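Each of the next two complexes has subunit A plus one more chain, namely subunit B in the first and subunit C in the second.
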Partner chain A sequence: MLLLYHSGQWRGTVNIVLKTILSRVFLAMITLLAVSMFIFWAAEVLPGDIAARVLGREATEEAKQAFRERLNLDRPVHERYLIWLSGAVRGDFGHALASQRPISEVIGPRLKNTIFLALYAFILYVPLTVFLAAVSALNRERPLDNTISLLTLIGLSLPEFVIGTLLIYIFAVNNPIFPVMANVQRAKNFWDAIRMTTLPAITLTIVMAVYSVRMLRDNLIEVLESDYVRMATLKGLPRWRVVFFHALPNALVPALNTMALNLAYLIGGVVIVEQVFVYPGLGTQLVEAVFLRDAPVIEAIALLVSLIYISANLFTDIFSILSNPRLRSG
Partner chain B sequence: MSSRVSSIKIAERTARIEVSLRRLPPTMVIGGVILIVFLVIALTAQIWAPYPAAKTGTGRPFENPTSKHLFGTDQLGRDVFSRVMLGTRIVLTLSLSSTLLATILGGLLGLSSGLIGGWFDQLIMRLVDIMISIPFLVLALLIIAAAGPELSGGYLLIILAVAIVYTPRITRMARSVAIDLKTRDFVTVARARGESTLSIVWHELLPGATSVLLVEFGVRAGYAPIFIGSLGFLGFGVRPPTPEWGLMISENRSAIVSAPAALFSPGLALALLVVGLNLFTDGLARVLGRTVRPGT
Partner chain C sequence: MKAKRIFQFLSILLLTTLILTACAPATTPAPAQTQAPAATEAPAQTEAPAATEAPAQTEAPAVTEAPVMACLRVAGVENCGEKLNLDPVNQPCTENSIMVQQVYNRLLDLDENLNPQPELAEKWESNADGTEWTFYLRKGVKFHDGKELTAKDVVYTYKRLIDPATGSEAAATLAFLNPDGIIAQDDYTVVFKLDKPVVELPVLITSKNTYIIQDGATPETLNYKPVGTGPFMPVDFEVNQQPHKFVKNPNYWEPGLPKMECVEFYAIQEATTRNAALLSGEVDLAQQVDYATITTLESSPDVQLMVSPGAATSMVLAMWVDTPPFDDVRVRSALKKALDRQVMLDTVLLGYGVIGDDNPVPPTSPYAWRSEVPPRDLEGAKQLLAEAGYGPDNPLKIDLYMSEYIPGATALGQLFKEQVAEAGVEVNLVIGPASEHWDNVWLKFPFVGSGWNMRHPGEGLAIAHRSNAAYPETHWYREDYDKLLDAANTEPDPVKRAELYKAAAKMISEEGGSITPLFQKIVAALRSNCSGYQPFIQLYRMDLRNVICTP
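Right after this comes the complex of A and B.
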């Protein structure tokens, strides 16, 4: 990249690309800042008197006053927001109302578990999606393709909690291969954790795959009909080589963008899947916090999740700018 | 001038109706039939459901399906068949009203935002960006947490939460239609006539945006039962003993070994309703010449 830059004629292009990327990063940061304001407003300002809500109506005025002082509730809203934000930037979200423990301590292990689940699901999801889409595209309009379409349509209509419960029924109740509850906190070793996380991961994989198989299939069909793929076939390359090395990369790029947008559904999916399997992750923590009206925990998780979502969209944006010359001027 | 423009518009509209009546896509017919069945159940279940939804002890707890209890019974001995049937009205009402509210709000906001432009458009679009940047189940939970215990469990809160989550997405869609339409002659003419912004949105933009908004309504309505069921499943939906399907699935989870029908029949009803809505929308989009895009 640097070498190209100094060769002169590339300088203009690289500059435009850099400028576009930097403006996207800037925009994402502004959005995140605004989102943090919204979250703070929704969780802490809108509900009114948190002290009365947490301590109950019978609490004495002194107890409420002490509570307000501890949480800085006696200060003006903008000051409280700035205190919260400056803490959040350093990873310090304050203390949970319910357990009084520091939030980073409460959320830390939960976040690790959720990342473990998400990674596991992702490892299953990518090959499954590519395989199903390729099989569909190569057998276009034939029974196999129609079967896969029908299955994805059914999958799209089933909510996560039904898919998860169905899997529990088949693979944990009727054939006890996997545990009903996925308490990975109690796992004896890595393989035990894998065994416990398998059903939640499969549920997530199904939910993610139904969204993307169809799209990737359509992209693949389009690319398979392009001249360069026909050229590769005419050159006498084996079919699988043409599909996986020539067609797939170009079919994946447009799918990636929609996949990042669909992350919004998937994050919701994680919350529900974790709840179905009583999996100790961020999702169950969020649900618990909303039940307890534990504002600091709600804020921290909502902000974290939005950060993940915004950065995923930013990265796919940057990736598509870098990989598509037509978008570079955008 | 204005009469000629409107006569062209009328001609266009009649042409479109003729095309749509000549042949309906099969997906629309199948989806339509499913939806009609659900509508009939929603309207008439009160009359023929064997038991009231909340009546406990109609049988032993967690009974398997029998001729007396087609879907078995739940933990409190309530008849699951009656509850699923009676729940149809609740699920349909919540889903359709929240989506309708969001479509009206988002349609008006988006169309006027695109038409007016300038700082108003900027403000609305930044707000939309913020709302869309929070994954939508998390946004719904934030709204529920913000609303406080007085509203929680009520229909109003659920309708509002779903509508608030959907509105910015529909706003964005409607705005792009407005931007596309606002340079057309008939809008310029209306402006020259001195029509107010609201009148232009209503008389000039809305007819052109109807097909987009209809498809958007269908897509959102197709997801709404899952969304509302998810809230119910998490315990933030309607209050028990309301027979909302998501809540029922969560309540009957302990029946997974002894009476799985109590657990899976509301799930099946939910899936069927969503299939019906999605098929109908797919057909509708084809009739209107639009593609259904999966999106946020």
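Right after this comes the complex of A and C.
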């Protein structure tokens, strides 16, 4: 950005930057449209009969047929896609097939819960990763680094439900500090909600951090050996300034992609942790909807997760462009 | 440059698509059932002030100032998601069933031998040949909204259940009822007039769906704001809520019951979490505990295990008796003889069960044709196989399709494979996902795992084995068998009827395609400061009226 101010071609550069950003945004929207088509097709062609799933195995054939007709399941796929899309762009995703409730009512509360847990886990995860990676990189090959490496290796090998269950037994059953069930809908206030979601948030943090720490540590080591870092050290800057203001920002940029991926995972993929802690989140709802073949719910949640993932990627792209002049193109 | 043009074209295309779809006429199909708007709520329900922050929406005229007491917290095993509702006609999950039975009552109840007991009906009688049954209702029973229970409510309930437009899962078992033959003779008398004699009518009209609803009630209210006569009433029932809260019905017709002021239902599918919640005191009662994790609970002083009084769910390996190699009765018998059922009981169910006798009636039942199942006969099995043409140079090879559709099923499959291997049979065990089992595996392959909730023999012997059964899982089509069941259905003398059931059970045991090595017992867990709960032999039935927890 400093380069921009000093260069005389301020306007020209802004033009280029804007163009690049806009082109990325357009690409993102096209991706989203294509993804929506794929999601719709996938949800509609799933084998299995929603009528049997909702009404139960012992329901009569007439009842099932009546159910199907009521929900327009006999119209052709492309017609149903356009109906759905026209509603979706206005925020109306239709009604859940199983209970006839509007989708916004069905996934609204779950989305709120998931975002809460995602933010909590993310806020724990980023500083923890940075801290552990920095400590490791600075103490390379020494006992501290080796210990951290060992711990991350153990964390990598343990499946999430084992980590979650272990945390439950240590911190909820044997020493009742936190509750077993993250029943966040019954939380009395903000701090109560924090208390309830701490164990699942820690579980998710561990699960995500073990990958990022290793990656960031390797990046950081590489950057710490580059010329400009040596220059900064020789100039007499304190070590911590060198690390945090010069080395880390550059090492962090490739790690941003992983963090964006992790954010998307937090929104849509934490069903196992949700099951272990009985957390009313979006992941469980998506899985239930798939079992039920409840297409509108599947489509809405899948689209939401795609939107978040595409947006997260978009932001990291834009951030990279803004911070790295070499990435700008015409 | 070319890339730029393509890009511009694509963006115009994108914008056009979006504009067109946004302006398309709104043809989203309106749901057939509109949710009842909040304004028309069910008339005043007395709401005991809750310990937590449940908002007080309905101001009842006569609010009983009950002291604030802890609720009984129940952990169910299944989360029904969007399918959850309180309409008795269809209960696709156990989560629905355990809540429905708190809100309503049935005409009759079934005791642990599945014999009918009075509930809303004080007494009942039939005419000489069983074509006309009369039920006398208890007087003064009130619904939660204050209206009195009358015969019209019962008539409406049953007519709705058998109406094909309702699409109830109970319609098949109640098919013998004629809608015009269900009559309210007066305010407290209901008569069932039948075309053919049905001697087991009291048992057959008592199932998990036959809870009595108000005359004229529709899904608009039944789904989320039901009104019943039962011991508990729902409070702000919502589908996605956890837990679901129910308060005591202050006007419940059984004096002194229910004992708890309120009940909260949690749904915890993950077995280890359910145990943890029980151990940490977050729930008081777990509907069922996994056999694999029973030992952790056994050793805790805070938790007591409660076992159902008798055999509950059967574990069955169903063979198609008309398909080779199972069409040879010697092969079927050999497979049955080759099993060491005691080992299966100890390994799969940790002893919490009953050995089965290859038919739907457990040996512990008064209707069993024998009470002792002979031990393993490996030599006999080998001999039968040899007679059927199999031996070491021509081993019998079969495929068995299993999944963990009930706890312990895959272990049972593996143990089966190992045990029959000692008789020279090679089993290819195909294990699939539990969620697909009932849709895609059961009834579709010649040798699959199955399981049945405990039923009265009249129903249990028919549901899978009659020639016209809805679920012919063994392809057993035998006229002589049907004749036995028909005779039992019309035999008024209970002793003779029992003999007919026994004869039918014997036939399935000796010649049928149902290998039934085990019956599970339901094991529930209750915290030590609570008492008064006994698991029933049907998993979905939880009788909470007598449960009491002291702090």
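Things to note:
Going forward, the second predicted complex is superposed on the first by the 271 of 330 C-alpha atoms of A that agree within 3 Å, B and C clash if a C-alpha of one lies under 4 Å from a C-alpha of the other, contacts with A are read in each partner's own complex, and residues count from 1 in each chain.
Definition applied: a contact is a pair of C-beta atoms (placed from the backbone, for glycine too) under 8 Å apart; a residue touches a chain by one contact, two chains touch by 3 or more.
Fair warning: this is a prediction, and the values are worked out from it, not measured in the lab.
Ranking subunit B and subunit C by residues of subunit A touched puts C first. When the shared chain is aligned, no partner comes close enough to touch A:135: not subunit B, not subunit C. In the superposition on chain A, A:165 makes contact with both subunit B and subunit C.
Looking at the shared chain after the overlay, A:126 reaches neither subunit B nor subunit C.
In the superposition on chain A, A:151 contacts neither subunit B nor subunit C. When both complexes are overlaid on chain A, the residue A:253 reaches neither subunit B nor subunit C. In the superposed model, A:291 makes contact with both subunit B and subunit C.
Once the two complexes are overlaid on the shared chain, A:305 sits against subunit B while remaining clear of subunit C. By the touch criterion stated above, A:194 is placed in contact with neither subunit B nor subunit C.
Of the two partner chains, neither subunit B nor subunit C is touched by A:322.
Shared interface residues of subunit A, touching subunit B in one complex and subunit C in the other, are 48, 53, 161, 165, 168-169, 173, 180, 275, 289, 291. Residue ranges on subunit A touching subunit B, taken from their complex, read 31-32, 34-35, 38-39, 42-43, 46-48, 53, 153-154, 156-162, 165-166, 168-169, 173, 180, 211, 214-215, 258, 261-265, 267-268, 271-272, 275, 286-287, 289-291, 293, 295, 298, 301-302, 305-306, 309-310.
By the touch rule above, subunit A contacts subunit C in their complex via residues 23, 26, 29-30, 33, 48-49, 52-60, 62-64, 66-67, 70-72, 82-87, 89-90, 92, 94-96, 98-101, 106, 109-110, 161, 165, 168-169, 172-173, 176, 179-181, 183, 185-186, 188, 275-278, 280, 284-285, 288-289, 291-292, 294, 297.
Put simply, subunit B touches subunit A in their complex at residues 126, 129-138, 141-149, 226, 229-230, 233-236, 246, 249-250, 253, 256-257, 260, 263-264, 267, 270-272, 274-275, 278, 294-296.
Within the complex formed with subunit A, the residues of subunit C that make contact are 7, 10-11, 14, 17-18, 21-24, 26-29, 31-33, 35, 52-53, 79, 81-85, 90-92, 164-172, 239-243, 266-270, 272-273, 276-277, 279-282, 435, 438-439, 470.
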